[in-house]
Amino acid sequence: MSLTVENLKFAYGRQEVLKGISFTASEGELLSVLGCNGAGKSTLFKCMLGLLEGYSGRILADGQDIKTLSLRKLARKTAYIPQLHYPAFSYSVFDMVLMGTAHRVSPMASPGDKEKIRTHNALEQMGIAGLAERSYNHLSGGEQQLVLMARALAQEARILILDEPTASLDFGNRIRVLSKIRELVGNGYTVIQSTHDPENAFMYSDRVLAVKSGRVIAEGAPSEILTEELMRELYGVEVDVRSLDDDKIRICIPKNRRK
Amino acid sequence: MKKRFSGTKVIWLLALMLAAAAVCSFCLGRFSVSPRQLFGILLSRIIYIEPFWTGTMEVVVFNIRLPRILLACLVGCSLSAAGAAYQGVFQNPMASPDLLGASSGAAFGAALAILLGASSAIITLSAFLSGIVSVALVLLIGQRAPGKKVVNLILAGIMVSSIASAATSFVKLVADPSNQLPAITYWLMGSLSGAKRGELLFAAIPMAIGLIPLFAFRWRINILSLGDDEARSMGVNVNMLRTAAALCATLLTAASVSVSGMIGWVGLVMPHICRRLAGNDYRFLMPASMLGGAFFMLLIDNISRNLLSTEIPIGILTAFIGAPFFIYLILRRGGRI
Amino acid sequence: MGKRLLALLLALVIALSVAACTAKPASTAAPSASPASEAKQTPGKTIKFKDSTGREVDVPAEIKRIAVTGPSAQTVVFALAPDMLVGVATPFADSAANFLNEKYLKLPVLGQLYGGKGQINLEALLAAAPQVVIDIGDTTGNIAADMDSLAKQTGIPFVHISASIGKMGETYKMLGELLGLKNEAKVLGDYCDEIYNKTTAIANSAKKVSVLYCLGDKGINVIAQKSYHSEAIDLLADNKAVVASPSSKGTGNEVDMEQILKWDPEVIIFAPDSVYKTVSKDPSWQKLKAISSGRYYEVPYGMHNWMGFPPSVQRYMGMLWLTKILYPKEATYDLYTEIQRYYKLFYHCDLTQEQYKAMMVNSLG
């Protein structure tokens, strides 16, 4: 399943936030969206998820315009993995993942055995079946992120949209979550993530989209994108980009550092 | 927060406690009826028994205690269910049934009707309708305002509530102090005294209309409590669900307030007690709140009608018990709710 | 956590049963509750009684036990048939202990009724076993329906009798018919009419004296003309307090000192606990002619405020007193004798000269 965005424009009142964005994320691809705060990443994601209306341009999920899809049908195609936050009420991990099956359950009913089996499978797939009875709010950030991903799997959508999945994670959890994401991409999921971390984007993603002030300023393979010029343009900082291990890794070293 | 019992067990336990409390309530009262006589009176409705009790006893049991017990259960169940629903759909643990102005609106309607010298049936009707109208107004404002829906609705609720409260104060100012003013004041304190079958029927219909859908889509309230964007991305029609839940909860609140006056705290406190017992999953929380609310109200009403020779307004009792609990919640809240 | 809350709930249940247990003996100990309720079972003769709402109510031909719905009814009924009361709506004032027979002070408090609801505990009412419940006051539109539904629910007849300051004679006449105390009721009714006619005649024959009734902790709240509480003043004097929207509240309308200076009445009366004691030393109050000439008084308080909180029959004492201080030349009656007569008739006690003097210490100038 692929996701295509065509000439997407969006404005909050007079303030234009997206000024014509186009790209395609193909099946089995991890697309990272880079950009500083306020570049329009969140708005772009909200449009892709059908949460914002009144945009111009087209968004196609699996070839179908998402405007023509009902909420429930759209939920079968795209799943959202939000930034970590504490819900007002804490649910068990199992209950949290079970909620992903909402689009299968009629509004007046509660989920049945089939949904519970799906939930169980999703937990197994993410390797967190042991957490099922734990309280979501009491998990570590990394575990919470895995739970949200399990929920997306239970939702059976093939396009996963992750909003800064590693932003608030410690070093170990960041690597754990990113390798899980990689695993999902390997299983044929289409994954779009926003990130603030160019180095991780380089290491894990198949393609990178650089967004600035509502426009795509660069798009392509990580090696084409992660350059000193682009870092300067995107973030307004001077860095040396060094290549390691036969250009499998690139690191950005700030110029004004300890000598 | 980790629950200690399974949800189903909690529900059974609460149902048992409610049944026991109902039986106890039948035996309690300022007019003494022995358990044997009570049993005889109740059984005599099914099979013929030579009366070994007085006619007054029958009046007490059927005209005074029975409607009152039923009304206490209905009101408690409704307020508690409404509170639980509001907390979920507004993602706010401190939400209570008066969040959208249903109670303040109903209070104004009742005060106005008392001022105009209406009969008690009209007072009830007026309270009910103005409660509904207040919430309709809030929903209308919330729909039109740009930005975050939840915040808009809560703010609109606060505004409409305060307008209704101001209007109620004005009615109290111009009311005749010898009979209307105390009637309004007494009404605002909340009481189940004078529960009659007519009132019971009047309240039961909107309550059923409110309770059944809330019970049916209770699982979806879980999803809504995560936040609008997340819920929508999971295929849940957030606006429709929230409006439906708010309407049901409003029917429940307005119906309760119109027959019993302002009874605060039940709708806030009972859902929280049930959260501790049954967990936050609305599949169990909603029925637990309904049963727990009925049980709690029955308990409080027994105190209200038995402690002193005159009735103690029930709103005062619920506040005395509810407010300390609220403080306890604030003190212990940190990430536990 | 859950277990502790469960324990809390259980504790509540226990607290409740304790409360219930302590409550039980009280209701069984209610004076002669059971025999009376048994007696009620023997079907007695009933008669039709047409009350002020026009309802035809079946009431026992011979009434011995009655209850009232509020303080106004209590004051009116207490005067006529104190021994029939099975309970009172509100407890008597503390000062009543000096006057009333002890047996009346011990009557159980049944609570007040407001419309269809109220403090009245219906079960306690049934336990007290009155044969009829009496409501006295303004006849408003909703009363008939409320009386009917209460009667239906409890099986006890509820009757409403209307009352207003000029028509107490009729009120007592009806009450006397209901309770089979026609002669006694006539005495009371005649008394009310007599006082009403006597005092208004005196006031009408003289030039109306201008008056302000001031209350509150600063004394700048006034009972305005045409308000609910000004009835007696408006009848007997020229109430200077004319405001755009007279408040019907017991606290009156708040005005400022300037306004009071502008009204500058001949006589000022102060509510009990207002500023009567301090005005003579206050420079701004001293400018008023009522204060400088010494024509200011405190409303007497004996069992109730004589000017009417709650507005009931004690206002006849207020009318007697007000006429006496406003028209001393025309009002030739002896106030002590009149008040003593009122106490005998309405409170069933002898008011001694000492008690009278103590009560009137600030009220006669």
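General observations
In order of appearance the chains are A, B and C, and numbering begins at 1 in each one.
The criterion applied here is as follows: a residue touches a chain if its C-beta (ideal position, glycine included) is under 8 Å from a C-beta of that chain, and two chains touch if they have at least 3 such contacts.
Source: prediction; values computed, not measured.
Innermost chain of the displayed assembly, by C-alpha centre distance to the whole-protein C-alpha centre, is B. Of all the chains, the one whose CA centre sits at the greatest distance from that of chain C is A.
In terms of their C-alpha centroids, the spacing between chain A and chain C amounts to 76 Å. Our note on geometry: chain B versus chain C, Cα centroid distance of 36 Å, whole angstroms. For the pair chain A and chain B, the distance between mean C-alpha positions equals 43 Å. Looking at chain C, no residue sits in touch with two or more other chains.
Among all residues of chain A, none touch two or more other chains.
Those residues of chain B in touch with two or more other chains are numbered 1. Touching chain A in their complex are the following residues of chain B: 1-2, 87-88, 91-93, 213, 216-220, 222-223, 225-227, 229-230, 232-237, 241, 275, 279-281, 283, 335-337. By the touch criterion given at the top, residues 1-3, 5-6, 9, 12-13, 16-17, 19-20, 23-24, 26-28, 37-38, 40-41, 70, 72, 108-112, 114-124, 126-127, 129, 137-138, 140-142, 145-146, 149-150, 152-155, 228-229, 247-250, 310-311 of chain C touch chain B in their complex. Residues 46, 49-51, 71-76, 78-80, 82, 85-92, 95, 99-100, 102-103, 105, 107-111, 135, 137-138, 151, 155 of chain A are the ones that touch chain B when the two sit in their complex. Within the complex formed with chain C, the residues of chain B that make contact are 1, 3-5, 17, 21, 24, 28-32, 54-56, 59-60, 63-65, 114, 117-123, 173-179, 181-183, 186-187, 191, 193-194, 196, 198, 261, 273, 276-277, 299, 302-303, 305-307, 309-311.
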